[in-house]
Amino acid sequence: MPRLLEYGEAAPEAQAVFDEIKAARGIEDVNNFWKALAVDPPLLRRTWDSLRAVMAPGAIDPVVKEMLYLAVSMTSGCAYCTASHTAAARAKGMTEAQYGELLAVVGMAAETNRLAEALRVPVDPQFD
Amino acid sequence: MPRLLEYGEAAPEAQAVFDEIKAARGIEDVNNFWKALAVDPPLLRRTWDSLRAVMAPGAIDPVVKEMLYLAVSMTSGCAYCTASHTAAARAKGMTEAQYGELLAVVGMAAETNRLAEALRVPVDPQFD
Amino acid sequence: MPRLLEYGEAAPEAQAVFDEIKAARGIEDVNNFWKALAVDPPLLRRTWDSLRAVMAPGAIDPVVKEMLYLAVSMTSGCAYCTASHTAAARAKGMTEAQYGELLAVVGMAAETNRLAEALRVPVDPQFD
Amino acid sequence: MPRLLEYGEAAPEAQAVFDEIKAARGIEDVNNFWKALAVDPPLLRRTWDSLRAVMAPGAIDPVVKEMLYLAVSMTSGCAYCTASHTAAARAKGMTEAQYGELLAVVGMAAETNRLAEALRVPVDPQFD
Amino acid sequence: MPRLLEYGEAAPEAQAVFDEIKAARGIEDVNNFWKALAVDPPLLRRTWDSLRAVMAPGAIDPVVKEMLYLAVSMTSGCAYCTASHTAAARAKGMTEAQYGELLAVVGMAAETNRLAEALRVPVDPQFD
Amino acid sequence: MPRLLEYGEAAPEAQAVFDEIKAARGIEDVNNFWKALAVDPPLLRRTWDSLRAVMAPGAIDPVVKEMLYLAVSMTSGCAYCTASHTAAARAKGMTEAQYGELLAVVGMAAETNRLAEALRVPVDPQFD
């Protein structure tokens, strides 16, 4: 199993990031992804800062951002990310009906992505 | 270049699908993806029927479905699909600000997907 | 554009491989893949020796081996390999009807692969 | 663990699909993939209908279709699909010698796919 | 073609990043990747800041960092990134002999990665 | 679980490869990857011969070759290969600081690879 750093084992710079995550999310402990990243404090810091900026309220609704994140995670086949972002999307309001439709889009897109590449379809001029 | 079947060259079963696509979208000609799929009329028929069902109005907003489709296409690196679904998402109302945020989510998720797998992070019990 | 080494520019060890490929396939010139690999003669040698061994007559029919190679190439999204192995499979006897069915299997598998991972389905005991 | 719906928990539309799968395959219970898909009955229905059509007897031998499905599943790195389609291919007649050669083709294609993209080899005119 | 923003068309925040890139690299114009990212100035800013931090001198030699970046780019099949990081690695000192060996490692790893997944090999206890 | 062939169960040709691996690495037993490959002795032989040639001392430092192999394995999402090559890179001298920087490069490259493809950035003339 990979090394997961608990709060007491982490460097001060990593503890500071853990504190920010816990405060921002109102949780008592960070999830394993952050404990694993803590082996490299600068990487942990950059990842958290970027994630917070990318997922901040903006032009796209927060639950939609989570659903996009989930669709990407499913497509790259990351089991950890699929599990954590399914939970996050539900926490932000994704319904079961929406989850079913998201699955359908992810599966359908996987199929047509593959077919378009298998057939080496040239891009239509109107799309450029 | 791959073979693209124009209407006059396509089998009657393929022409029927072309007709449905043109009617559903209010366009004068189908895009290259369908012309390439026409080499196998049953595959063309199944793909169109499934796509129409998956993208039909439902629990997820149509523009969000297109943005999910686009995020998946970008993630699987399908240039054709990225071009066609960027156009489709804009046609359904995706703004430039939303496009920028979608790009940011796709890029960020690619990074954390890779890190979670590189570190082989075990799924937290609360996500299961 | 990448560097492609023509016969006269290639190292003697690379020319020897070019000669073997031309003799084995009864062609007058090797295709671009081999000219690109010639930048590293030991890599060119290993790749050709392995490919010849893997594709040699055996328990799987030669045209089926080419169709498997093509299905993998489509799935990894390699445009060059998709083009060259489509041609090779046709040269070994793949019919248009078989090509259509192969496309359908590749697309369908892409979809169910993604769904199985998106749902994180546990392997059934009888499959192990 | 993801949610798997047993027959008694599934919606009537999902039970109907379970019944068809059991009848078509002569088995007493469906495998986990279908129980997971049952969270969205329309997706379950479409996936089964398409799979049945794609894998039906046609121009490609059934065992070859399974081997193609398996090669794609191995290439996209789907562990569940690799396990289930290895079992299915063996049930349809794939021998151990054929399995070994399939592995060799999948591995070899992965290597040359990567090299062709790493070298950005342009497609030869005769392949187009 | 995607939209590429030249200096005069870019927002002031994007121009500031362009200026930093040109100064850091001693070049007269930024390459297309940055002009494309300029459609979303905050994404451009975050990407440049992270890249500069990640590629800064550290425990790994700069030319090795570029070779790692190149190996990843080849593996994800990004043609643009493969082209740009091949140039960058050469500029930082990668020799032709090293380039040939890097290609060989990338190809070999692609093959064994696929085989390990195709065989679903369990991780040995000593690796954990 | 996949079939793993212990020395006593393996064919003589496979035992010969096991002997070479044990001698080359000074270990008492081969790791699971080789036991799994032993189901097809010619594939086992080719894989070991190629791996030994590719990883032999050359223009790139052995620890750097292992780090490249690891970066590719992380990028293709092969958990087994990531575990085994993390161990191998550490055994050859990769420090914890280098491991942290390698993770950062792999994550960063994943993000920019995706963005370059999402934006379909054309290759700059100076890179060709």
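Observations
Chains here go by letter, A, B, C, D, E and F, matching the order in which they are written, and residues are numbered from 1 within each.
Convention: a residue touches a chain if its C-beta (ideal position, glycine included) is under 8 Å from a C-beta of that chain, and two chains touch if they have at least 3 such contacts.
Protein names from UniProt, one per chain: A, B, C, D, E, F = Alkylhydroperoxidase AhpD family core domain-containing protein.
Just so it is clear, the model here is predicted, and its values are computed rather than measured.
The chains that touch subunit B as well as subunit D are A, C, E, F. With respect to subunit B, maximal separation of chain centres occurs for F (centres as means of Cα atoms).
Over half of the residue-numbered contact pairs at B-C are shared with one candidate from B-E, B-D or E-F, namely B-E.
Compared with subunit E, the chain whose C-alpha mean position is the greatest distance off is D.
Look at where the CA atoms of subunit A average out and do the same for subunit E: the two points lie 21 Å apart.
Computed centre separation for the pair subunit A/subunit D is 27 angstrom, with centres defined by C-alpha atoms. Taking each chain's centre as the mean of its C-alpha atoms, subunit D lies 34 Å from subunit E.
Multi-chain contact residues of subunit A (touching two or more other chains): 1, 39, 42-43, 46-47, 50, 54, 75-79, 83, 100-101, 103-104, 106-108, 110-115, 117, 119-120, 128. Taken as a contact graph, with one node per protein chain and an edge wherever two chains touch, the assembly is complete, since every chain touches every other chain. By the touch criterion stated above, subunit D contacts subunit A in their complex at residues 39-40, 42-43, 46-47, 76-78. Subunit B meets subunit E in the complex at residues 77, 96, 99-101, 103-104, 107. The touching residues of subunit D, counted against subunit C in their complex, run 1-2, 4, 31-33, 36-37, 39, 43, 47, 50-51, 54-55, 58-60, 64-65, 67-69, 71-73, 75-76, 78-81, 83-84, 86-87, 95, 97-98, 100-102, 104-106, 108-117, 119-124, 126-128.
For subunit E in complex with subunit D, the residues that touch the partner chain are 74-75, 77, 79, 82-83, 103, 106-108, 110-115, 117-120. On the subunit B side of its complex with subunit D, the touching residues are 1, 42, 46, 50, 53-54, 128.
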